[in-house]
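In what follows, structures are represented as structure tokens.
One chain, chain A, links the two complexes that follow: it is found with chain B in the first and with chain C in the second.
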Partner chain A sequence: MTSTVDTARPAGTPPPAARPGARRRARRPLSETALPYLMLAPAVLLMLALLAWPALQVLAISFRKLDLGELVRGELKWVGFDNYTAILTDPEFWVIGLRTLMFTAVVVLTTLLLGLGIAVLMRHLSGWVRVVLQVCLVLAWATPIIATTTIFQWIFDQQYGILNKTLVLIGFDSFKGYSWFTSGTSTLAVIGLLVVWQAVPFIAFTLYAGLVNTPRDLYEAAAIDGASGWAAFRAVSWPSVRPLLTLVTFLSVLWDFKVFTQVWAIRQGGPDGQSTTLPVLLYLRGIAGSHFGVAAAVAVLMLVVLLAVTWRYMRLLIRSPETEL
Partner chain B sequence: MLHKSPAQRVALAVFGLVLAGFFLFPTYWMFTTALKTPAQILSPAYDLIPTTATLKNFVNAITKPDFATFITNSLVVTLGAVACALAAGLLAAVPLARLRFRGRKGFILLVLIAQLAPLEALLIPMYLIMRDADLLNSLWGLLLVYVAFTLPFTVWTLRGFVKGIPIELEEAAMVDGCGRWGVFTRVTLPLLGPGLVATSVFSFITAWNEFLYALVFMREKDKQTLPVWLSSFKTAFGTDWGGVMAASVIYAIPALIFFLLVQRKLVSGSTAGAVKG
Partner chain C sequence: MRSWSKALVGGFAVALAVAGCAGSGSGNDSAGQTSAPSGPRTLTVWLMNGSAPTTLTDELHKEFQASHKDVTVKYEIQQWNGIQDKLTTALASNDAPDVIEIGNTQAPKFASENVLEDLTASTGDFNGANWLSSLKDSGSWDGKQYAIPFYAANREILYRKDLFEQAGITAPPTSREEWLAAIGKLKAKFGSDPDFQALYLPGQNWYTLLSFIWDEGGDIAKKDGTKFTASLDSAEAKAGLEFYKKLVEESGTKAPKDADEQTPEQAGIYGGGKVAMFVALPWELATAAKSDPTIKDKTGAFPIPSKTAGKTAPVFQGGSNLAVPANSKDKDLAKEYLKLISSDKYQAGFAKAGMIPGTSKDVSLLEADPINAAMAKASANGKAVPATPGWATIEAGQNPIKDLLTAYLTGAKSIDQATKDANDALNKAFSS
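After this line comes the complex of A and B, so read on.
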């Protein structure tokens, strides 16, 4: 699908797309102008009511003192930027923020490299091996998050976990009864592995779809020209994969930065808060600690960080000729 | 690179199988643990390949009170959310991809920014909204929340897929006498197959997995969903690993069935449409 459109677009898709609309609008003004709005209405109403409106409320709450008492009494207590100063002057926030960014970067990078590698590999594998690999990937993808998280806890279990048993069996006796969750780094490594394991299938299949859409004769032409391996990949595969890669990078950053269920389920941010990330902090302060104002401020700050990280790509998406008609 | 020596082929195949094993192992381990007795699970013996099997864990899980209610609730909410998100998403994607109107860019921006919001953060205002609308403890309420969560991605991705359909095809159908609706059902919709699959997989996973909102909104026992049920296997006395694994298998099966139903289109399509701006 990608390649057909890419070749068709320069031939003049935008003009015909624009003209019929304009022509019809001149003929049947009212129904024509109303139509797009009517079609958008269900989605817009739902998103306004259940995303935009609560999001605005979060923004408002971030300027209020809202603990359980205020919530029950329905009391409005505006405190200006107090919640923000409280968070931004808390050294713990900076540690956790930096840790979340590092975690996101490592997980996204690992996922993308592994996903791209597997996508390329799938293209070069013979029939049945590829099918086996694809089935295993789909199994991993379809297994629900909470189930997977539980499985990982069981594999990494201190006493009966298969990982420690295996390590002892092949001679690493020090892993008998070894706990993988005594330090923040090792806990985050396990969580990272879990997230990567779940995320790779989506990335691999998406990139594989892009690679499959590259015509085979392009590779053959490259081979005739003497390009092999890396050179062929750069000249032929890369252009068709690049836009998809940018897209999945963007989505991965969004998803991995906001990972909550897995981090929470594994050790609730422990030991001693050393594997706490920003979403966990938000949950601890907000839901568990009932400081909804502070939690809202954390949420707004998270959004600001994400906007800053993805701004260039967002601007590209909005400004690109693709959003024009 | 297309013409490989036998040695290269074998090396690639071995590498592929090792990777397959890495992705298969946790799922494999879930299945085999679910088939073990408590004594086997806690035995120090090395048991990577099981020698005996029991279905007792599955029987225990299924005969737990309310199991049928939980799985029905999950299925209703998830499939309902997938259907509603697809319908509303498709309805919005077509004008965004094909029609020129005021506010189009603003809407696209809204759709993009909506994907940045940490959804856990919306829990408190959402709770208040649902309470005021009298939708707490209602499957409809949870369904609407999941539709809202998946709509931005759905709209955005489907819009890309609609744009990917050459407009000449639709124009040709119009010339042949098809009306607006005829063009849509006979030309656009059939070509959107991979896009519909990709987005429905996304909404299915989101709704099927969601835990926090289900836990907070559904306080009545007969309204809870499977993720909440799964968490009930962990007690203060430790985890019943055989039981949890059997429950996880049961929890994963509908997702697996869904994936198998759509997999052919999945592998070919995925989000190919989403890059189209």
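After this line comes the complex of A and C, so read on.
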């Protein structure tokens, strides 16, 4: 940590140059020392205004009673940890929290496995087949979220859906009029599939970029040494995709944990609230119920969970800025 | 680690200090601004997209400005999409609109939070004796009237006159028995076509279920002051639910049991020509006519029949209320505007446009059109959902009554279990 102290100093602190008789650097003129900070200042200020300020507001609101009435009248009611007590003593919150974590884990794992598989496949495909695959991936990725969600709703429709019709056609008669949205698990499975569908292209392309950068001669050398396909993957491909894989895992966890649009559009967190995730709870408490204080508390708790889950990666990022990433 | 915890503590302190500043800066602006300023004045009016016809508002604003010198009406049409957030922000600002239209299921949320002007004393000015009772209920909280009725609509049954005639049905059904008999006749005549549906009724058309429950004498919830207790586990509610299931089974509807009337859009399916009846709002016929323009002339309408022969079943009335925000700068002027728009003259304009007027009992202009006439006939028996702010969560999407219908119709739960679960979920929503 000592080596990074200088660069981590906030922009507002007066540089040590101002103090007489400090260190070696003190002899440099003030303007020269201040210049880098001045050049950073606009960006830092903009970041503070756009990111830090709203985040601090959310934190502050989570300790207030802020319903529609308080908001309109501009009242300031501090309630300490009341919002947190209310949320944490509600058994529903723990069920929903655990469900969200499990959902995120399954979706992230599936996305990564599929993405990696497709990336390796692209590496081995050649010519127009690969181009067709890549165009398909880009199309799947470029389709707006709500459009894809609507298509999925149609696919899984009870009476008119193409999935049930196809299943019946190939002999699974029990799927005639089968409802995919009568249980939370089944609903979440459909939502998970939808999220994976939209997430895979980006992951696949990122990992493919890592694979492409691996020199071909390494594979040839491995082949000469008599390595099997699997051994070549472990010895040659794996080291080049591993840092990228860490990065996309981290990003996927962030994205999938806070996914809202698809969950809400499919069944509004139903049936019986069994596909409700934390972002949906946040929406119900905050926007629908106008209990902004409670909703802010949920948001802060979500941040805490995310920090806990991604702690290892964050430490890696902070500790060694010059990692292979 | 040490520097991290320091940074956290520091951030926390800044957050508290900053929030304190923000609070002291924005408070106490609403006091002492009741007296109207002299000179040119502006009245900001927010009405929703698709509510008042332009011809009506043009004439209204011309008359209002003529009778109020120096007053300009700033008329702004708002979109339904995202209106809750927009209203919340607007009500909190110093520049709040003076007259707003609120959806009747959202009205209790605003009324209960004390952010609207209390209009109880002026009901007489706004045609109070002729108010539509369902909309009056939505706008009142704890015995006070915070929002006045504007206009409403309710569901009716749209049917194919030509198919009824071919099946030998001479008159539209006027009781549940006749309704079921008509379904039987239609099936006997057209049942050989596998795509034919005597009635299209999706599993989650909860507005229709409400009609049946009210018809049995039950209700969603019992009211005690401002407190509501769900009553979906009552015998009457169960009887209503059983009739819904009977309709679904007897009609053999192919509609999904796990979706409502909007997914897929039912008017489009009716427009396909293989459906003889569906429960709809009058203007859904125009949507159906997009698929098949000839269907307009083949369609008639009758009110949802009651179990008592000759009566119509009570219906859910969706619609809008009008209110004056507490932060409005010119409340007296706003009330005068409300007085004019709630007068018979302009309410007739709403009836002409195919809506049930909120502050007038005159529905003669609706009766001129056969599709609207059926709606007008049922409108006398209109009802609303419980006027509690807790309904906002249900309105936003997690509706226990929809879950109840799907669970019972698909056989996932027994009627006792399904109604008990829905009751618990409703009570939880009411208390949140």
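Rule of thumb we're sticking to: the second predicted complex is superposed on the first by the 276 of 325 C-alpha atoms of A that agree within 3 Å, B and C clash if a C-alpha of one lies under 4 Å from a C-alpha of the other, contacts with A are read in each partner's own complex, and residues count from 1 in each chain.
Here is the rule we go by: a contact is a pair of C-beta atoms (placed from the backbone, for glycine too) under 8 Å apart; a residue touches a chain by one contact, two chains touch by 3 or more.
Every value quoted in this text rests on a predicted model; they were computed, and no experiment measured them.
Look at A:243: by the touch rule set out above, it reaches chain B but stays clear of chain C. In the superposition on chain A, contact of A:109 is made with neither chain B nor chain C.
Ranking chain B and chain C by residues of chain A touched puts B first. By the touch criterion defined above, A:287 reaches both chain B and chain C.
Of the two partner chains placed by the overlay, only chain C lies in contact with A:179; chain B stays clear of it.
In the superposition on chain A, A:160 contacts both chain B and chain C.
Within the superposed three-chain model, A:95 lies out of touch with both chain B and chain C [touch as defined at top].
When the shared chain is aligned, chain C comes close enough to touch A:268, but chain B does not. Once chain A of one complex is fitted onto chain A of the other, the partner contacts of A:67 are limited to chain C, with no touch recorded for chain B.
When the two structures are aligned on the shared chain, A:57 is found in touch with chain B and with chain C. Chain A residues in contact with chain B (one complex) as well as with chain C (other complex) are 1, 8, 53, 57, 61, 71, 153-154, 157, 160, 283, 287. By the touch criterion stated above, chain B contacts chain A in their complex at residues 1-4, 9, 12-13, 15-17, 19-24, 26-27, 29-30, 33, 41-42, 44, 46, 48, 87-89, 91-92, 94-96, 98-101, 104-105, 107-126, 128-129, 144-145, 147-149, 151-152, 155, 161, 163-164, 166-168, 171, 194, 205, 208-209, 211-212, 216, 227, 230-231, 239, 241, 244-245, 248-249, 251-252, 255-256, 258-260, 263, 266-277.
Residue ranges on chain C touching chain A, taken from their complex, read 3, 11-12, 14-16, 18-20, 22-24, 26-30, 84-85, 88, 91-92, 109-110, 113-115, 254-259, 263-264, 326-327, 389-390, 392-393, 395-400, 402-403, 406-407, 410, 412, 421, 425, 432. In the complex of the two chains, the chain A residues touching chain C come out as 1, 8, 53, 56-57, 59-61, 64, 67-69, 71-76, 153-154, 157-160, 179-183, 264, 268-273, 276, 283-285, 287-291.
Residues 1-2, 4-5, 8, 13, 16-18, 20-22, 33, 35-37, 39-40, 42-44, 46-47, 49-55, 57-58, 61, 71, 118, 121-122, 124-126, 129-130, 132-148, 150-155, 157, 160, 162, 165-166, 169, 197, 200-202, 205-206, 208-210, 212-213, 216, 219-220, 223, 228-229, 232-233, 243-244, 246-248, 254, 258, 260-261, 278-279, 282-283, 286-287, 292, 295-296, 298-299, 302-303, 306-307, 310, 314, 317-318, 320-323, 325 of chain A are the ones that touch chain B when the two sit in their complex.
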